[in-house]
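Chain nomenclature is as follows: A, B and C, assigned in order of appearance, with residue numbering initiated at 1 for each chain independently.
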Amino acid sequence: MLYRENGQFKSTYRADQQIFPIRQDRIAIGVLLVAAVVLVPLLASQYLLRAICVPFLILSLAALGLNILVGYCGQISLGTGAFMAIGAYGAYNVYARISGMPLIAALLLGGVCSTAVGVLFGMPSLRIKGLYLAVATLAAQFFTDWAFLRIRWFTNNSTSGSVSVAGLNVLGVPIESPVQKYLFCLGFVVVFGLLAKNLVRGAIGREWMAIRDMDVAAAVIGIRPVYAKLSAFAVSSFIVGVAGALWAFVHLGSWEPAAFNIDRSFQLLFMVIIGGLGSIMGSFFGAAFIVVLPILLDSLPYWLGIPIDTALASNLTFMIFGALIVFFLIVEPHGIARLWSTGKEKLRLWPFPH
Amino acid sequence: MTLKTIALIGHLTALGLALLAPATDASAQAKEQFFPLLAYRTGPYAPNGTPWANGKQDYIKLINARDGGINGVKLTFEECETGYATDKGVECYERLKGHPGAALFDPQATGITFALTDKVPADKIPLITLGYGLSASQDGNVFKWNFPLMGSYWTAADMLIQHIGQKEGGLDKLKGKKIALVYHDSPFGKEPMPLLEERAKMHGFELVKIPVTAPGVEQKSAWLQVRQQRPDYVLLWGWGVMNSTALKEAQATGYPREKMFGVWWSGAEPDVKDVGEGAKGYSALNLNTSGTGPRVIQDILKLVHDKSQGTGPRDEVGSVLYTRGVIIQMLGVEAVRRAQERFGKGKVMTGEQVRWGLENLALDQKKLDALGFSGVMRPLSTSCADHMGSTWARVHTWDGAKWNFSSDWLQADEQIIKPMVRQAADKYAADKKLTRRTPADCQS
Amino acid sequence: MGFFLETLFGGLMAGMLYSLIALGFVLIYKASGVFNFAQGAMVLFAALAMARLYEWIPKWLGLENKILINLLALGGAMLLMVVVAWLIERLCLSKLVNQEHITLLMATLGISYFLEGFGQTLFGSDIYKIDIGMPKDPIFVLQSVFQGGVLINQEDLYAAAIAALLVALLALFFQKTATGRALRAVADDHQAAQSIGIPLGRIWIIVWSVAGFVALVAGAIWGSKLGVQFSLSLVALKALPVVILGGLTSVPGAIIGGLIIGVGEKLSEIYIGPMLGGGIEIWFAYVLALMFLLVRPQGLFGEKIIDRV
């Protein structure tokens, strides 16, 4: 009843091809954006902004990038942490070595570095498929783990291998307080989300999906696998690289290569699978689930007033996390995005039965 | 209701709960001094992190039970599991720093220390990094909020070289020798290198660096390399499971354990207990004594463990890392006490006030005896310029069943270290656009 | 030259140990098409069970004989692994039967998180000892040919022998017994096996139990070498290149892949490593596997991937 499309007709092709053709959707997105930009900074506490909202935004950006590769193009990659690291260290080198480099330019250049390496490590995908490719991408992960520890040039010759940035600002406006950090990341997420959504709706997105579904058939009808696969790697690495740079600069402030290790890669893959493969919305759902859940599980004993030993609490968190992942995969293997779209389908009829 | 609906509802509830999560910054005036405890009781570093955390908790319980707090101010604590991961450590820090009455943080990890060093000046809460962390933070004029009490990796490396020199009959006899550094491939493991390279230049020995990929569970190639290089001495710079694995691999490749020397984080019971006889002859630095002799340990056993309030198992009390945790907590408590002397006895101290306390610690032998720490550690006194307070350590050796001290007290050579610290601190200040503190600021 | 031989032996023996773990991966993939990322966690769980039972059995039953205690601990751990296998099959896999590879992969990752947390809750996070009587000191051979002799690690030698024995036993099991034939039939084609009456659920429980047994042996050997602690599960990450190099569906592939990776790793770390600053062995193994895959995308002995449109 509420989600009815009756009465909404389009008179131009352009109107028909817009991202949100249904008016209710447009209103919903508008409300969401207003809430995100105005309400959240007003109502959320410093801790909530710093520890939940900012990581959620940055990781959902990374999950978005990974979803393009895994969900839309079907190339399983376990080396996402490596691309985040390359983005972070690339941005750091540009920022630290070139004085006066604007922050946004540094972050984007970090993404460009990540793109270059992403295309390089994406080339095996032309020959290797499926699970073999997944494990082969781990080569990228371990290689970058080693490279940032060993090659001093990347860390600006710091003796310990740990680097940090300070004094972030955009055109004089500092990015120090939680609200500023939150709005900064929100800006990036909105822009890249729009970018990704339009990419996957366009010709290139359709090429990716064709490669994912049946790559031999796609080649037969004229889609060049080289172009499609490598462009997927390129776009995905760019977004993941920018997310990595944001994670390092805005969230951590000071980091070492271990911040982007294999656990991070698995975490991102979890987000994408639980959120929903092949869905932009899904990346956000998955990121919310994975970011909020451990913190919730850690704080739960405290709220319930049951004092348990932190080791037990931490182990329980692991166990519940693992069990929930399996549960989710059994219940809805296509992820939360599928639940969401099923919900929307039901809403179109509700409260009528048919 | 289908499983799917349950899942969707559950997910939405979780999101809702998270958004409505109670903010932890209370507005009421704190009535208790709060000690946030960052610890790791799971993961590859848990065997060493657990006794350390237990020592800290037990000492807080002791102060409450025996003394009724610090001049009547009760102590509370909350532990947060970091798993030695920097991002979890930062999250724990953000959650606990706003708790009313928060005194100081001991991150228990070098990686987390690096991340927090940038945040603490803004949040005005001090960091104690006893025997680890940034070596340059010894310079209190640049690092106002960091306190590497009792030693850093540079002092440790220095003392080890001095000890080896003593064994050889003089530092000049080191010329032409080969010393290998088997280190944990992380900022923690790489920190001593500048000092070792400096000493290598001074005395003419060759420094071979052999990294071990974290967490150091597989070291066969590292020790094959040791066998290839045939160094005269091996310095072990590991943490957690890497230490015992190194000793096992040393045994498997036949490298004499008598020629292995570890930093004070590689010389505790969890590292050698399951190697047993195989680690016999292995030596390491130690900042403190161990054992159940000292009066403070006796008090803990009597007033905490005997009342079933003990945090860990009873037989862990008095072990090397446990005692070190007790010392760290004692220094924190004494800093609060010292701050109370200036800012108001019987009141809860803020982070800034505790920082002043940490900077003006004067624990001479008499005070240490009164606290029950005679023979456990050397006297310590900090100042504005010197945030380390004491640069002494001893070497102890494993005899297959327990640790025995095998050297006199060694002191790090400030002649070499001070210029290096100054240089590194200046570089840090230049990078971060900080200025050195003025003498006026030292009085505040 | 003597040192080169040492490195070679060391690599071969390390490779045998990796193939022990890789064997678990291959067995499960062959029979049920699931890439079991939880194999590392299973190795850890099995080793933890054995180590703690070894400590607890003397206290519960008052026994003194080390061999008896070890056997009981082994038996107890094996029982536990069978229960775990049954639970995994019942609660997770049977519900995820026709899902895509990546969903199954993620499910096993979830299981591995669960097992790691559960193992540490039940058994603790300290370093525990497994003492199966392996000699710890090295022996030196060929002292007359090379100065100082060539060092051979006795423990590794015994471990390699046990691994070889295990492979032989598994080969016998698969070839000569009826259950083994049923397992091979299921690995070939699930539906055809089902249609001739082979009970799929029971077969999968057996496969996971056998994989659990392999995990237990691997855990006992690695645990005896390195001590049993949480980080043992990370050894599985070193076995992954072995699996993809040898082919996901081939048992001989796991062995030969293991030997190649083991030797490649050690030689690269000793001879190329110092030029690059050291610590290269883990990514070198993956890059080596990647190189092989570029030539043969299905691994050395894996089934050729036939794309049908």
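Going forward, a residue touches a chain if its C-beta (ideal position, glycine included) is under 8 Å from a C-beta of that chain, and two chains touch if they have at least 3 such contacts.
Just so it is clear, the model here is predicted, and its values are computed rather than measured.
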Least step count from chain B to chain C, where 1 means the two chains touch: 1
Most remote chain, CA-based centroid, reference being chain C: B
Inter-centroid spacing, chain B versus chain A (mean Cα positions, whole Å): 36
Approximate Å spacing (C-alpha centroids) for the pair chain A, chain C: 33
Shared-contact residues (touching 2 or more other chains) in chain C: 120, 125, 277-279, 282
Touching two or more other chains - residue numbers and ranges from chain A: 146, 149-150, 311, 314-315, 318, 330
Where chain B touches two or more other chains, by residue: 41-42, 46, 50, 185, 211, 213
Interface residues, chain B side, partner chain A - complex: 3-4, 6-8, 11, 14-15, 17-19, 21-25, 39, 41-42, 46, 50, 79-81, 83, 85-87, 90-91, 94-95, 98, 110-111, 114-115, 117-119, 122, 134, 185-187, 190-191, 193-194, 211, 213-214, 424, 431-433
Chain B-touching residues of chain A, taken from the complex the two chains share: 44-48, 50-52, 146, 149-150, 159-162, 164, 166-167, 176, 251-256, 258-259, 263, 285, 288-289, 292-293, 295-296, 298-299, 303, 309-311, 313-315, 318, 327-328, 330-332, 336, 339, 342-343
Parts of chain B lying in touch with chain C, wherever the complex brings them together: 41-44, 46-47, 50, 185, 209-213, 215-218, 220-221, 224-225, 227-228, 240-241, 244-245, 248, 251-254, 270, 273-274, 278
Chain A to chain C touching residues, read off their complex: 70, 76, 124, 127-132, 134-136, 138-139, 142-143, 145-146, 149-151, 214-217, 220, 262, 266, 269-270, 273, 277, 311-312, 314-319, 321-326, 329-330, 333
Chain C to chain B touching residues, read off their complex: 3, 6-7, 10, 14, 120, 125-129, 136-138, 151, 153, 155-156, 225-227, 229-232, 234-235, 238, 265-266, 269-270, 273-274, 277-279, 281-282
